[in-house]
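After this come two complexes, each holding subunit A, first together with subunit B and then together with subunit C.
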Partner chain A sequence: MRRKFSIKKITLLLFLVSFVTVAQHHGDESGHQEGSTEVTSEDAQKKSIKDYINHHLLDSYDFGLYSYTNDHGKKVHVGFPLPVILWDGGLKVFSSSKFHHGEEVAKVGDNYYKMYHNKIYKTDAEGTMNFEEGDHDHPTNAKPLDFSITKNVVFIFLVSLLMFVVFSRMAKSYKKNPVPKGIGRFLEPIILYVRDDIAIPNIGKKHYKKYMGYLLTVFFFVWIINLLGLTPLGVNVTNNIAVTFALALITYLITTFTANKNYWGHIFWMPGVPWPMKIILAPIELLGTFIKPFSLMIRLYANITAGHVVLMSIIGLMFLFKNWLGSSLSFGLAFALSLLELLVAALQAYIFTMLSALYFGSAVEEHHDH
Partner chain B sequence: MEKLISEFSFGLFFWQLFLFIGLVLLLWKFAWKPILEAVNGREEGIKNALASAENAKKEMQNLQADNEKLLKEARAEREAMLKEAREIKEKMIADAKEEAQVQAGKMIAQAEESIRSEKQAALAELKNQVATISVEIAEKVVHAELADKDKQLSLVDKMLNDVTLN
Partner chain C sequence: MTIPNIVGAGLIVIGAGLGIGKIGGSAMDAIARQPEASGKIQTAMLIAAALIEGIGFAALFAA
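Up next is the complex of A and B:
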């Protein structure tokens, strides 16, 4: 079958070239024009690139690898549907293929749901969306509590599984022989690095052990998932604020619940300053305890998001230039930037772990005279 | 900020929190703890091995020093023994020489003494023999002289002559 690719779809393909054979499921695209016509004008192309980048940055309810328009002008999506789990007066579980990529209303039991801007809303049988006056981004429809296994959840699970398999096998190999073998040879120095250069200097030899589990897990988790974000699978987990929020929340909770008297003393009654200052400092310090994990959340989110946006924009430039010089220049730039992103992937994991360790360290710091 | 809040997906947050905490706990039990323990054990082992190697080295050095000392002592002892032996030898030689000299002196003295006494004895004997021989000769002469009367008388006369002259 000869496939007629639009330029946008080629961009897409470049990203999402996948060597896995996947099941195809064909979306019914009859009423949907967006993206199915050949893009000719530059503005439209720019918009389509922008839309594509925005779409790429979002989570999705199906595992889409790529999509194209076939000979009959129909949009074909290649990928897997994923389960949608809603809590709406009872648990509702159904396949995301019911939404047909946001184009149809899904009927589950007596309820109707519609996907709008990648979010699920409760609607009537016709799928009417209610908006406030002059606003087309925030429907007033009810939003059911959404626990869907989205693409990001799948990847979080896969990375967790991968980490568990790799590291538990590594642990087992130590039982036979204390010298690491295979992948352990590569991973052990990293584990030791986290222990000797992140945990011990920041937390101290006395307390570091109880934080090692979290620090090692968060380091490898963020690193691996950042690296996966750079693969053509098109998965971005760490550029979801929900994910970085969850991680930062754990750091915050661990800091708060393992903190000693000295830590709280420094927050509510700063030693060594006159008492009016103590009163002024207390709310500031208390706010600081929230700002610290908040900065962790924003830093990871913003770095990964910005990296993806810039990288994809430069790749998009290749298709806007349409001449050999500009395109090859942006190709070189994209290549250099990809290398930089590889560094950023590791760097952000390092910074997140490092700062978490720093906060834990301040929580268990022993009293010393000023 | 508004975009961030609208982007926030509670489902994703829930799953991330749930899966991640599960992952931390599982990995701690099945991976991090055994790995860190194994690595710690290995590091301890290496440290101990190094320490014991260092100790062995020190012991070796001590032993070597001891050996050296012993050797030195032995050498010194040998030297002393040799020296003593040499001294003894010299002393013995000296003593022997001295004794030999004394002995020789004594022997010489004795010899001289005996020679002298022998000489004296010999002289005495010689004297005796000379006397005896003289007496015998005299006897024989007298005997011969006094064999006849005339001669006896003449002798007496002669003797008498001699005496009167005096």
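Up next is the complex of A and C:
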């Protein structure tokens, strides 16, 4: 009974919070309309929506919840800065608040750094950026090696920590009692699903055990981080191609280093085909081993990015329509799309795990007659 | 975005849509014939759809 009540409370709280957010946006918009004429404000709004979406898709050096323009016409950012770690002839660690959201030059020791299009460059005291002729996107300034704890890194750490705590506690509870408790009741069927419907059919009963650790980790990591991307926190870790690249690289390395003789035989000297075909097939098969993890990387990245862009564009339409019919239509559409994105979050985690298991399975497949 | 890019993106979406639609339709037929194998059919369907989707996205990035 007590538990039921707490769930009710949380739901109520979430409901109230969503109202506060809506009210906030409404206030923003009405302020906007008064200030400027109709045509310019619409163009400006289109541009600001586009900027907002682009900004959301990028990683950032601070954790910003939202920003607004106050009564004195000054932009106020709500959030907190994160540490910047640079390697530039020595380790430089400083807070990203020194950049003042990319508006100012940061002085660290004797060096000056400036943020340009979300990347850190080394500059002089005035912050001059050098460009090649006719190009305004790629400065020729020196770039220090960047090991900063950015927003994405923070959330990767948080999710790792969360998974470590939850799953190690769950494992401990099984030692006392084989019946799961608390969150374990929810997670046990999912873990069994990964084992019985993903790992065993694709890898085989003999070898599946050594891959279970990776498969479960990648499944829950991708799933939790995709779900976090749908919260208003503005996290989008799997939108970053470097993250999906790292995940795909691990799959590739595990496949390559656990592969048996039979796997390499199928790549370099395909059995059962005439010998001229063997020579033609070898480079194609070798290329195939790289294309498989590459498609894993692109699929996860592109699916999540596309979902975020479409969802945010539809939310942006609400501010452009400015009539009750269009706005409520796009609200309904955004709601339906959010539900679809919940499905996509789980589906992408499932497909990543499934295909990884498929590749591991092909790596340890035993010899059979053709 | 130039016009050839937009046309290319449209063609990709048509191709990928036809492909995934065919997979979905065939899977429906298969499930209707053998409802007891629906789990296996769904898995195979999702894998095939994911592969087409991967190619589709790769082409969209190129366009």
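One rule holds for everything that comes next: the second predicted complex is superposed on the first by the 330 of 370 C-alpha atoms of A that agree within 3 Å, B and C clash if a C-alpha of one lies under 4 Å from a C-alpha of the other, contacts with A are read in each partner's own complex, and residues count from 1 in each chain.
Heads up, the rule we're going with is that a residue touches a chain if its C-beta (ideal position, glycine included) is under 8 Å from a C-beta of that chain, and two chains touch if they have at least 3 such contacts.
All values derive from a computational prediction rather than experimental measurement.
Trainee: Quick one: subunit B and subunit C on subunit A, clash or fit?
Mentor: By the criteria stated at the top, subunit C and subunit B fit after superposition, with no clash.
Trainee: Which of the two partners, first being subunit B and second being subunit C, lies in contact with A:R299: first, second, both, or neither?
Mentor: second
Trainee: With both complexes overlaid on chain A, does A:D197 touch subunit B (first), subunit C (second), both or neither?
Mentor: Second partner only, subunit C.
Trainee: For A:I241, select first, second, both or neither according to whether it touches subunit B, subunit C, the two together, or no partner.
Mentor: Only subunit B; A:I241 stays clear of subunit C.
Trainee: Contacts for A:F164 in the overlay, against subunit B (first) and subunit C (second): which applies, first, second, both or neither?
Mentor: A:F164 contacts subunit B only, not subunit C.
Trainee: Could you tell me if A:L355 is touching subunit B, subunit C, both of them or neither one (first, second, both, neither)?
Mentor: second
Trainee: Once the shared chain is lined up, is A:S148 touching subunit B (first), subunit C (second), both, or neither of them?
Mentor: In the superposition, A:S148 contacts subunit B only.
Trainee: Scan A:N70 for contacts with subunit B and subunit C and give back first, second, both or neither.
Mentor: It touches nothing on subunit B or subunit C.
Trainee: Answer with first, second, both or neither: which of subunit B and subunit C does A:M212 touch in the superposed model?
Mentor: In the superposed model, A:M212 contacts subunit B only, not subunit C.
Trainee: Residues of subunit A touched: more by subunit B or subunit C?
Mentor: With both complexes superposed on chain A, more residues of subunit A are touched by B.
Trainee: Tell me, in angstrom, the smallest C-alpha to C-alpha distance between subunit B and subunit C in the overlaid model?
Mentor: 6
Trainee: Over in the complex, which subunit B residues touch subunit A? Could you list them?
Mentor: 4, 6-17, 19-28, 30-36, 38-39, 41-42, 45
Trainee: What residues of subunit A sit close enough to touch subunit C in their complex?
Mentor: Per the touch definition, subunit A meets subunit C at residues 197, 201, 295-296, 298-299, 302-303, 306, 347, 350-351, 354-355, 358.
Trainee: Touching subunit B in the complex: which residues of subunit A?
Mentor: Those in contact with subunit B are residues 58-59, 85, 138, 145-150, 152-153, 156-157, 160, 163-164, 167-168, 170-172, 174-175, 178-179, 188, 191-192, 195, 209, 212-214, 216-218, 221, 240-243, 245-247, 249-250, 301.
Trainee: In the complex formed with subunit A, which residues of subunit C make contact?
Mentor: 39, 43, 46-47, 50-51, 53-55, 57-58, 60-61
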